[in-house]
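Each remark here refers to the structure printed beneath this line.
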Amino acid sequence: RLPLTLFAGLNVLESRELALETAAAFVEATAKLGMPYVFKASFDKANRSSIHSFRGPGLEKGLEILAEVKARFDVPLISDVHEPWQAKPAAEVCDVIQLPAFLARQTDLVVAMAETGAVINVKKPQFVAPHEMRHVIQKCREAGNERVILCERGSSFGYNNLVVDMLGISEMQETGFPVIFDVTHSLQRPGGRSDSAGGRRQQVTELARAGVGVGLAGLFLEAHPDPDNAKCDGPCALPLDKLAPFLAQIKALDDLVKGFDPLEID
Amino acid sequence: RLPLTLFAGLNVLESRELALETAAAFVEATAKLGMPYVFKASFDKANRSSIHSFRGPGLEKGLEILAEVKARFDVPLISDVHEPWQAKPAAEVCDVIQLPAFLARQTDLVVAMAETGAVINVKKPQFVAPHEMRHVIQKCREAGNERVILCERGSSFGYNNLVVDMLGISEMQETGFPVIFDVTHSLQRPGGRSDSAGGRRQQVTELARAGVGVGLAGLFLEAHPDPDNAKCDGPCALPLDKLAPFLAQIKALDDLVKGFDPLEID
Amino acid sequence: RLPLTLFAGLNVLESRELALETAAAFVEATAKLGMPYVFKASFDKANRSSIHSFRGPGLEKGLEILAEVKARFDVPLISDVHEPWQAKPAAEVCDVIQLPAFLARQTDLVVAMAETGAVINVKKPQFVAPHEMRHVIQKCREAGNERVILCERGSSFGYNNLVVDMLGISEMQETGFPVIFDVTHSLQRPGGRSDSAGGRRQQVTELARAGVGVGLAGLFLEAHPDPDNAKCDGPCALPLDKLAPFLAQIKALDDLVKGFDPLEID
Amino acid sequence: RLPLTLFAGLNVLESRELALETAAAFVEATAKLGMPYVFKASFDKANRSSIHSFRGPGLEKGLEILAEVKARFDVPLISDVHEPWQAKPAAEVCDVIQLPAFLARQTDLVVAMAETGAVINVKKPQFVAPHEMRHVIQKCREAGNERVILCERGSSFGYNNLVVDMLGISEMQETGFPVIFDVTHSLQRPGGRSDSAGGRRQQVTELARAGVGVGLAGLFLEAHPDPDNAKCDGPCALPLDKLAPFLAQIKALDDLVKGFDPLEID
């Protein structure tokens, strides 16, 4: 049982400066705790509610910024791809490429991603049961890639709400693949604002603790120095100035939980 | 209140022969009833559960078959597209192009489809509330296309199940856009079989009648001469030999419901 | 396939006068249509959200009013009971006694009701699957009563919302027992107002038509001459002045649907 | 932030001997950990799926056994009541009386329980949103009793499944009343077996840790020396021989979480 890895950063690459500032904050905070860390940011938000929403710098410029973060801080990178042709260039820069939840059933995208050889982080769709995740694992395997991570991010619960089924985490762990938990997207209220998703960032700590209490390979989260003015998903973002005390709780909890003897019950 | 239009045909273009046979059956049955009809078939099933599942003939060959159906039977066509580059060639052959439910949030795809000028049939995602459909309408409108159809196809209801919220139909109708009902996909049990979705085709008639009872611009359905051996979604398909009595019920019901004086309740 | 029976009246016995007025309206409207009719009203609303909510006249006074309705209009009666001791006196006046949804698992109540020999109308709890209704049927049977009606009234769908699973109706019909549909309670938004449930009475006609389209033994509904001032569940009540056109639609639809040849699909 | 209180024992009083054995095991295990403990057992299971299911010894005999447990081990008691007349005798023996989830809307029962002056443990119904719990608190308050505990036990999630919304815990905590978590009932699969609920006791530890990670006033659970032969809810019961290591984890986690400085996020 390895210590928890943090996959975290920005929702979207709003600017080079913000990326560097955010990465610096995460690198410092995780280094102090000895917590493995992967920087996350998206170069393109391809599924915003409105056509006028900020989407990011795009693939080329975005990968440049990501490469600079990697060079500057010597951290691995994770970013998401939305079309098959993006997989290869993204994997040349990123260590982990992420399959978005809404796209997790698109075979061409899965195969293109798997063929890069990169680690694939599969977001569990809001409409998919934990036990169904074996299908996407199988698709990756058949494309020659067994380096898969499964990521919980909440299930549809009526309209405009998500619920995290904590029992699904160990169901996914039974596949043998590492399971991480995207706590900030799980705080979304889909369609909760007039032109974008709402969120419950006030509850990020308690929900993260619940997940870490179950036992996770990693935690995924997005932060922002000024969530109210973030260009995407600010209602769910951890304020950057709360990062250190937040991670201290997570680290202590993970250490405790991973130190327990397993308790098998028939 | 126009009479109901039928959007129906095959799940996937298994072969040219099957397409022609199925179109012939629908054309004959709808002509007898004076029911407007649009032939539906997919050229590529891009989101099958397994990499080994049959996907179809692909764009080029598929559009050829569709064009032949159109030429032979003089019927309009509907087919679904999955990537932005497919929109233009699909719209050159098809009268209506369909935005798949899982992809309804992908802005590039929506815009590429809207820019063709074709009618866009938007499948409501299983994770989206009826009132949120205004976002995708707005995206189409901003791309210069107001020829949008909204299509109900069930909402996630726990794991491995869908439920059709009949109250959502009139909520979507309040947008002013036509609302149709995909009855056969609404019968799916997602993840219900070991490597594909299950279904409840035994219940297709009663569910279709419920939707037509509400009042619909159109009904969407998939049929097959031999559902047990269909290459995709056979568990949901209407057996082709039941088409005539099925449509007779639908037609009679639609005529009755459309003939009622509206009953406004405050 | 018998014609649809209407179980309808008031949510709660607000007064003798209102009961008589409402019964008169239903008797007249159903007589014109030749529709079998059972008058419904509750003598006690035992589960209001607030302790200050109006509960009704209580068992003794309520049964007196119900008996007067029966004598005056020669109609059968249905009313709900909440505690075992109420079953016998209620059954002495009412032809059908109703098991409330929240109480459908309370064995003592089920047995006390079944032992009266009255017809038992079981509301399907919002948290129970259609196929589980066999348990309550079995309890009635073991208490010597096979005169059971099953009543759909919506399922929990996230928080503060209900959805009617139209596929559940025929699942319940497979038990061989008659299935009716409580359309007005299915319009509730539980917890939707600050101290009581909200509702969507504007949509009562379309939802009723959906259910009748499936094929029902009966329709259950509550009405009020002035829904905005009803003492309970006004947001869901059919305005009494819409009764005639509402029932005309229901009758025409039911006649049509019951006249169809059954369409068996394997 | 007081340390977590354990409310635990048997589902149902199968026998005096089993009650004493179980209480002895809990008293010993909690004493070692300095964990406040309340013995739980039901005298009557009033809502079993089948009329033939074991229901327990009944009120009188059950309260005798409970009184003996209290006398022997000097522990407070919690038990559930199902009808108003049971409240007073139950409160004469028990320190906490419990309002069952299905009955949480029954005003007469709530009032009768509140008037005893005992602490009232309200199980949150599977069909109620966290923010709606203020209604039952208000009912208790108006009956003169503000000693209320709120208990999470899972929400309906489609058919035959429950999900625990960890975000609901702090929503309920905003009422100012203590919130506890019934972990074993949250493991139920309602209707999951042919004549009773199924369960997932294999996952009790991880789900309990998730809840304790959020921060709880108490944990509620049922155990049994031989779950496979328990007379009720064995599929959810913690095997008694796992109690000590289970509680050691809970205690360590609770101590850690309660020791964190609160982390306020706007």
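Going in written order, the chains are labelled A, B, C and D, and every chain counts its residues from 1.
Heads up, the rule we're going with is that a contact is a pair of C-beta atoms (placed from the backbone, for glycine too) under 8 Å apart; a residue touches a chain by one contact, two chains touch by 3 or more.
Here the structure is a predicted model, which is why all the values come from computation and not from measurement.
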Which chain lies the greatest distance away from subunit C when centres are computed from Cα atoms alone? A
Please compute the C-alpha centroid of subunit B, do the same for subunit D, then give the distance between them in whole Å. 48
Using mean CA coordinates as chain centres, what's the gap between subunit C and subunit D in Å? 33
Centroid from C-alpha atoms only, then distance subunit A to subunit D, rounded to Å. What do you get? 35
Which subunit B residues reach two or more other chains? 155, 157, 159-160
If you connect every pair of chains that touch, what shape comes out? Choose line, ring, star, complete or other. complete
Which subunit A residues qualify as touching subunit D in the complex? 155, 157, 163-167, 169-170, 187, 200-207, 209-215, 238-239, 242, 245-246, 249, 252-253, 256-257, 260-261, 263, 265-266
Residue numbers on subunit C that touch subunit D, as the complex places them: 46-52, 55, 82-84, 102-103, 105-108, 110-111, 125-132, 135, 138-139, 142-143, 155-156, 159-160, 190-191, 195
Residue numbers of subunit C touching subunit A in their complex, please. 157-161
